[in-house]
Amino acid sequence: MLKQTEGSKAVAEAIALCRPEVICAYPISPQTHIVEALGEMVKAGELAPCEFINVESEFAAMSVAIGSSAAGARSYTATASQGLLFMVEAVYNAAGLGLPIVMTVANRAIGAPINIWNDHSDSLSQRDSGWMQLFAETNQEAVDLHIQAFRLAEELSMPIMVCMDGFILTHAFERVDIPAQEQVDAYLPPFDPRQVLDPAEPVSIGAMVGPEAFMEVKYLAHAKQMQALERIPQLADEFKKIFGRDSGGLVRTYRADDAETMIVAMGSVLGTIKDVVDEMRAEGHKIGVLGIISFRPFPLEQVRAALIKSKRFIVLEKSLAVGMGGIVATNVRMAVTGSGLRGFTAIAGLGGRAIPKSSLHKLFRQAEQEKLEPVTFVDLDWDVVNKQLEREKQNRRSGPIAENILFDKGMSSSAKFG
Amino acid sequence: MFQIRIHGRGGQGVVTATEMLSVAAFEEGRHAQAFPSFGSERTGAPVVAFCRIDDKEIRLREPIMEPDALIIQDPTLLHQIDVFAGLKPDGYVLLNTHHTFETIGLGDFAKERDRGRLCTLPATQLGLKHVGRPIPNVPLIAGFAALSDMIQLASVIKAINEKFSGKVAEGNIAAAAEAYALVKEQMKEHAHA
Amino acid sequence: MSFQPVKFYQTGTYTVGNRLLAPDERSVQANQMRGNSINSGHRACQGCGEALGARYAIDAAMVESNGQLIAANATGCLEVFSTPYPESSWQVPWIHSLFGNTAAVATGIAAAMKAKGRHEVRVVAQGGDGGTTDIGFGCLSGMFERNDDVLYICYDNEGYMNTGVQRSSATPPAARTATTMPVGPEPGNVFGQGKNVPEIAMAHGIPYVATATVADLRDLEYKVRKAMRMHGARYIQIFVPCPLGWGTASHDTIRIARLAKESGMFPVFEAEHGEVTSVLKIRNKVAIGEYLKPQKRFAHLFGKHAHPETVARLQAIADRNIRKYGLLEEETD
Amino acid sequence: MPSKPFAITLKPGTSLANLTGTWRTARPVYLDRLPPCNNACPAGENIQGWLFHAESGDYEQAWRVLVQDNPLPAVMGRVCYHPCEGACNRGQLDSAVGINSVERFLGDEAIKRGWKFEVPAHGSGKKVLVVGAGPSGLSAAYHLACMGHKVEIHEAGPLAGGMMRFGIPKYRLPRDVLDAEVQRILDLGVTLKLNTKVASIDLSMRQGGFDAAFLAVGAHIGKRTTIPAGDASHIVDAVSVLRSMEGEDKPMLGRKVVVYGGGNTAIDVARTVKRMGGEPIIVYRRTRDKAPAHDFEIEEALQEGVMIKWLSTIKQAGAGEITVEKMELDDKGFPQPTGEFETLAADSVVLALGQDVDLSLLDGVPGLEVKDGVVQVAPNMMTGFPGIFAGGDMVPSQRTVTVAVGHGKKAARHIDAWLNGTNYESAAKHELAEFEKLNPWYYSDADKTVRPMLDIIRRQTSFDEVQGGLDETNALFEARRCLSCGNCFECDNCYGVCPDNAVIKLGPGKGFEFNYDYCKGCGICVAECPCGAIKMVAEDI
C-alpha cells in the first residue's frame, strides 16, 4: 500500500511484517522513531507474539538479541553512532556465534565532538565485525532491504545491519509502498535456526576455540559472506517476483553505459548525485553512477565490472579513515586493482554537513578533468582549518578546537556577544 | 519541483507542518518529500523544516537553499536569522502575524516583491481560537494552500484527518478553513489594490 | 532457618545425603541418578569451589524445572574450564556470549521462550563475581529492574581468577591479589566501601535474593529450588572458595566456605521483595583469624610482620554483619 | 536442519573424553577404621556395626549383629560398665552415645519378640565340655554351639548364671531377663547339667568323651582378712551374702551392717542391705576417687541412704560394735594409719575384699601353671594341658561380666580351631578412628538421652530394677547419635562434594567407589567425610 509516511515509521511497519519475536530497544537518535513505533504496535497487540524489551544500554540490546536469537526467536534491534560503538563487543559476538539478528543502523557520526547528524562512520567502523551491511538509498529501499535481510541472515546464519541515513531518511516523509502481509509471508519463511538452545536437544554454544581451530572458524565466516555475494542478487530477483520492485542486490548503476567518469557512493546521497548527473548529462558530460548496496560482503567483482569501462571514478563517501582517507574508496580501489583507472576520494557530509548539488557539480567537473587531489574534502572551510593549524603552531595550548572553529565561523555565543 | 521552507521554533509544530504539507500533496497524487533540519529539537530553539513537491520521484536530499515558498511561523525570528536567505525572486512568503509587512518593519522588503505572493496571517490566534492552543502550523499550511494554490484545501483537510481525530481534528479543520478564507480575502484585496 | 529442619537424624541436615531420609527429603546431589549438569572431564583446578557450586546449583535448577532449563554463562573460569573446543562439560542447553552481558543474554532467551509460548522452559544466568558485580553490573541491574524471568547466579570467588587473580569489587579488604600486592604500608586490597550486590539486588525490590555457600549444600539447594519456583528476576550469590586464588589447600574448599559463614564474614540469608526473610545462623562462631589464617592471600596479616589492626578491622566487618543480619542465635531471640 | 556451526557449538557432555585423573598426585581410598567403642569393648562387640542397623530401625538385624559377638545383650545392657562409652568420640562433641542403653533396648526387644539364634544346619561331631554356667561359660557354649559343636555345660550350682545371678543384685539385673537369655542359648541344643560339680576335669572329660574343655568356674570364694574379733562378732563374706539372696533363706545380718571394702561388690551388698531394711555403712580405707567401685554406683548408693566412711580400716570387731581407725593418704596415695579411733555400732560385718578361685578340679592335670591363685593360659586361652582351655575370673584378667563373655568368645574360636587341627588367627585390627580423623561439623547437636531412674523410695525399699530402659523412640534417637567412626554410613558427602563427579554411588548398602579416570586428587572428600572413612594415598609417580 502506498503511503506518505516517515522513513522510521515505514521501516517499523516492514519489521512488523517480518513477524519478529523479540525486539530490543534503547533510545539513541536518530533510530528512536523506529523502535517507538514497534513498541506501540507490540503494546497494542498488533504485533504478536512478540516481546519488546526496553533495555538499559545498546550493549544490552545486542546481548538480549543474542540470547533471543540463540533461543530460536527472530530478533531485531536498531541503533546508531555511539550506540553502535557501545555494543561493539556484542556486535562481533553475534557474528561470531552466527546469530541471524537484523539491526537497523540509522547512520550517524561518531563523537567527539558529539554530533547527532548523519554520516557513515558508525556502520563502517564495524565493517570487519562479521556482519553483513546493506545500505538503503531511499526509504522504499530501507523497507525492502529489511525484508530481504531477515531472509538472507537466517539462510546463512549471519547477522545483518541495514543502514539508512539518519534524519535524511529516518525522519523524511516520503512515498513508500508498504507490502502486504501475504507478500512478506510468501517471501520470508519462519525462522529455522541452524542452532538453538532447547532443552530437548542440548548444545553448548560459544565454546572457547584455540589456535587449532580459530582460523577455520574465521574462514568459514568469510566463506559465508562469499556465499552471500551469490545469494543477494538471487534474493533481489525473488523479491521482484513477489513485490514487483527492483530493490536490493549488490550494486546498482545509473547512466553508466558510456560513462567515462563514474561516481561511486552509498546511501541517500545517491539521489542527489543522480540529479546532478542528469543535469551534467544534459550538458553532454559522459558521467554515470555506481551505487553500492552491499558494503559487506563487498562485491569486488561487480564493482570492477561497473567501473572497468570508464576512465576514472570518484568515490564520494560520508566517512573518513583518519590518517588514511576514504574507507569505501579503499575497498573500491581494491576492486579495480591493476586496471589503470584513475580513482579519487571525496570525503563529504561528515557530521551532517549538507551535500548540495552545487558542490557536486564542481567536484564532478574537477574529477572529469582529473584536477583533484587523491583525497578531497568537500566544502571544507580551509580558512578555519588553516587558522587553527596556525594557532596550534604558535601555541601548544591553543584551546578547544571545536570552540575555536565556532568562533572563527562567528557562530559561538561568545563570538556574537563578546 | 516546488520547494517550501518553514521557519519556526521548537514546539510550534514546524516539522509537523511540512509533513502535513507532504501528505496533502501525496493525497493529490503527487510526489512529496518532507524533512526537518535535524536538530536536537528543543522547545524555543529556531527550527527549519522543508517540503518538496513534484510530479515525479524526488531524489534530491540537499536542504532547501533556494525555496519557492517560505512559511514563517514566528516573526521574532526575523531579527535573529536571515529567514529570507535564498528565497527565489518570485517566491511566496506567508508570515504568522496579525500585523502587516509594513507595520512589522518589512515594508521595504515587501516593496521589492510581488505583493500577490506575500501574505500575513494571525495563525497563532486562529490556533488558540479553534484548537485552544497557540500552535500556528495548521492555519499556516491552509493559508499557504490559499496563497500558492499548490495544494487544495480539501487535501489539507485530508492531511488533518490523517494526523488528528475527533475534536482536535474538527478544531484544526475549522482553523484551516478560516485561515484559507482569510488569505483568499487578502489576496483579493491585493489583486484589487 | 531457611528450611524446616528435618526430623532428627544422625547427621541432621548437614551432610549431602542421608540413607535414613525419606526420598522427598533428600538432596538433589545425593541422588544416585543425579543429572551432573557439568560433566566430569572439565578443566577446573583441583578442589574448585566454582565447579562444585555450579553443579550444585544447576542440578537443583534442573530438577525443579523438570529438565526444562537453559543456561547463559559469562566469560570466566566456569566458561573456560567447561567448554574448551572440542569438548563441553555441560549437559544443559548452554550459551556463552561475553563477559559483561550474561544477564541480558538470559533476558533474551527468556523473551524468546515467552514469545514462543514455551512457558515451561526456565532460564538461568551465571557468572563469576567479576562478570556480575563489575563488568556485567549494568546488564544485571537492567534485568532486575525489568523483573525479567531469569534466575541469576553469581559464583563469588572474590576476584578475577581466570585472568590470574586480580582484584574485583568483590575482593575483601586486605586480600592479596595480583593487582593488590601485599607491599607498602597498607598491604593488600584497600578498605573501600565494598559492593554488596545482594543488597543492591534487594534495592531493586526483585522477588528473591539469597546468598549461600558451597559449605551448606542443603541450604543452597533449598534456595535454588525456591528461586526456581518463583518468576521474575531472582538473584543468588554463592560463595565459592578458589584454592588457586586464595592460596588454600585444595581439600579445604568447603571448610573455608564454612569458616566464612561461621565467622560472619559472609552472611547467608534470603530476602523477598527487598526484605530479609531469613538468615542462616552461625552455629559455632569463630574469630576472623580462624577464617583468614588458612588463606595465603591474608598471610601478610600474620607472622613476623603482622597487622593486628587490619585483622581487627576485618573482625569489625564480620561483627557488623553479625549485628546487621542477626547471625547469632541469641541476638534475635 | 543445517549442521551446527563448527567449533563454536559443541555437543553436550563431551568432556568425558578428557581424563582428568592424570592430574592426580594422591588418590583417595575408602577404608574402615576401628571405632573406639569396638576397640574398647572387652566382649569384642561390633558396636558401630549394630548401631548402624538400629539407626534405621531394623532392631532385629542390629540384635543379630550384636549377638554375633555377645549372646547376652539384655544382661550386658544392664551390668556392663560400658568402657565403649568412655572411648566414644561423641564424648568430645557433646556426650558419649548411650551404647549400653541401646544394647539393653535391643536385648529386651529380642526377649519381647522372642527372637532366637539360628541353629547350625550341620554338626561337627565334636564334643566340648564347658565347666561353669557363668557369663564366660555361657558365652563359650553359645559360640561353640553356633560352630556346630556339641556342648555340655556342667554347673556346680543350682541355677545357671554364675556371678550374674549370685553376685549381682536383682535390682540391677532382674532374673527373668537372665533366665530368658540363658534359655535362648540352651535352645541351641546346649546341654546344661546343674548341681554337677566337676571334681576332676580329667575324669569328667574321659567319662563324657569330650574332645576339649573350657573351664570357667569363676571366683566364688570370698577373701578373708585378719580382723581381731570377739566370739560374738558376726563376720560374713559378701559373695555368700549375695548368693544367699537368691535362696529361700535370706541372710541374717541384723540392722546395723558394716560392709568392708570399696569395690562394686561392697556397694552391691550395702544397697542390698538397705533394701532389706538394714542400715548399711561402708568402711573403706581410701578415698572415694581411689575406690574401685564405679562412681555412678557409689552415687546411687549414697542417694539411697548408704553411709560410707572413707579413709577407715576396721581394727577390731566385737559384739554389736566395731572399732575403726582413721587413715590418711601418703605422698604416693597409700593409706597410712593415724592412730585416731572410732567405734561404730555393727550387728554384722560383711567383708567385700574380693574373691578367690576354687581350682580343685584341676588337681592332677599335668602341665598347668597356677600363679596368684589363677590359671595361666596362652594367648589362645589354652591352659598348659592341650585341649583344656580356661577363661573368666579364673584366669588373669579384669573380673567383669563383659570380659568373661569376651573370654568365652575368644576361647570358643580357638577351641574350634584346635578341634580342626588349625590355628585361629584373628583379623588384624584396623587403624583406630580417632576423633581427629572425623569431621564433626556434619553431626547434629544432640545430647545423650537420659534413661529413667526408679523413684528413691522404691529404690530403698524394693528390689525393683533401678535403671529403666529406653523406649523405641529414644533408643532410635540414641542409636542415631552414633558418629559411625571410621565406617562409612552412606551420608553421600563424598559423592556430593566432589567437584569432578568422580565418586560413584553404588546404591543403598553398597557404598561408593572412586572413578579414578576423573578424580583429580583434591582431597575434599577426605576432608569432608564426617566419619573418617577415606584417606589419601600418594600416587606412585
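Lettered A, B, C and D in written order, each chain numbered from 1.
Operating definition for what follows: a residue touches a chain if its C-beta (ideal position, glycine included) is under 8 Å from a C-beta of that chain, and two chains touch if they have at least 3 such contacts.
Quick caveat: nothing in here was measured; it's all calculated off a predicted structure.
> Where the centre means the average of the CA atoms, what chain is farthest from subunit B?
Checked the centroid distances; the maximum from subunit B is D.
> Out of A-D and C-D, which chain pair has the most contact pairs?
Ranking A-D and C-D by C-beta contacts puts C-D first.
> Can you give the whole-Å distance between the Cα centres of subunit B and subunit D?
The mean C-alpha positions of subunit B and subunit D differ by 113 Å.
> Mind checking the centre-to-centre distance between subunit A and subunit D? Centres are C-alpha means, answer in whole Å.
Here the centre of subunit D sits 92 Å away from the centre of subunit A.
> State, to the nearest whole Å, the distance from the C-alpha centre of subunit C to the C-alpha centre of subunit D.
Whole-Å distance between the two chain centres: 50.
> From the C-alpha centre of subunit A to that of subunit B, how far is it in Å?
Distance between chain centres: 34 Å.
> Where does subunit A touch two or more other chains at once, residue-wise?
Residues 97, 202-207, 209, 213 of subunit A touch two or more partner chains.
> At least two other chains touched by the same residue of subunit C: list those residues.
82-83, 85-86, 88, 90-94, in rising order.
> Taking each residue of subunit B in turn, which ones touch at least two of the other chains?
Nothing qualifies.
> Quick check: in the complex, which residue numbers of subunit A touch subunit C?
Residue list for subunit A touching subunit C: 21-22, 24, 49-51, 53-57, 59-73, 75, 89-90, 93, 97, 197-199, 201-210, 212-213.
> Touching subunit D in the complex: which residues of subunit C?
Residue list for subunit C touching subunit D: 8-20, 27, 29-30, 32, 36, 38-44, 46-49, 51-52, 55, 82-83, 85-94, 217, 243, 249-255, 258.
> Please name which positions on subunit A make contact with subunit B in the complex.
By the definition above, subunit A touches subunit B via 4, 6, 29-30, 116-118, 138, 165-168, 171-175, 268-272, 274-275, 352, 354-357.
> Which residues of subunit D touch subunit A in their complex?
Those residues of subunit D that touch subunit A are 1-12.
> Tell me, which parts of subunit C touch subunit A in their complex?
Spelled out, the residues of subunit C in touch with subunit A are 67-70, 72-73, 79-80, 82-86, 88, 90-98, 100-101, 104-117, 121, 138-139, 141-142, 145-146, 148.
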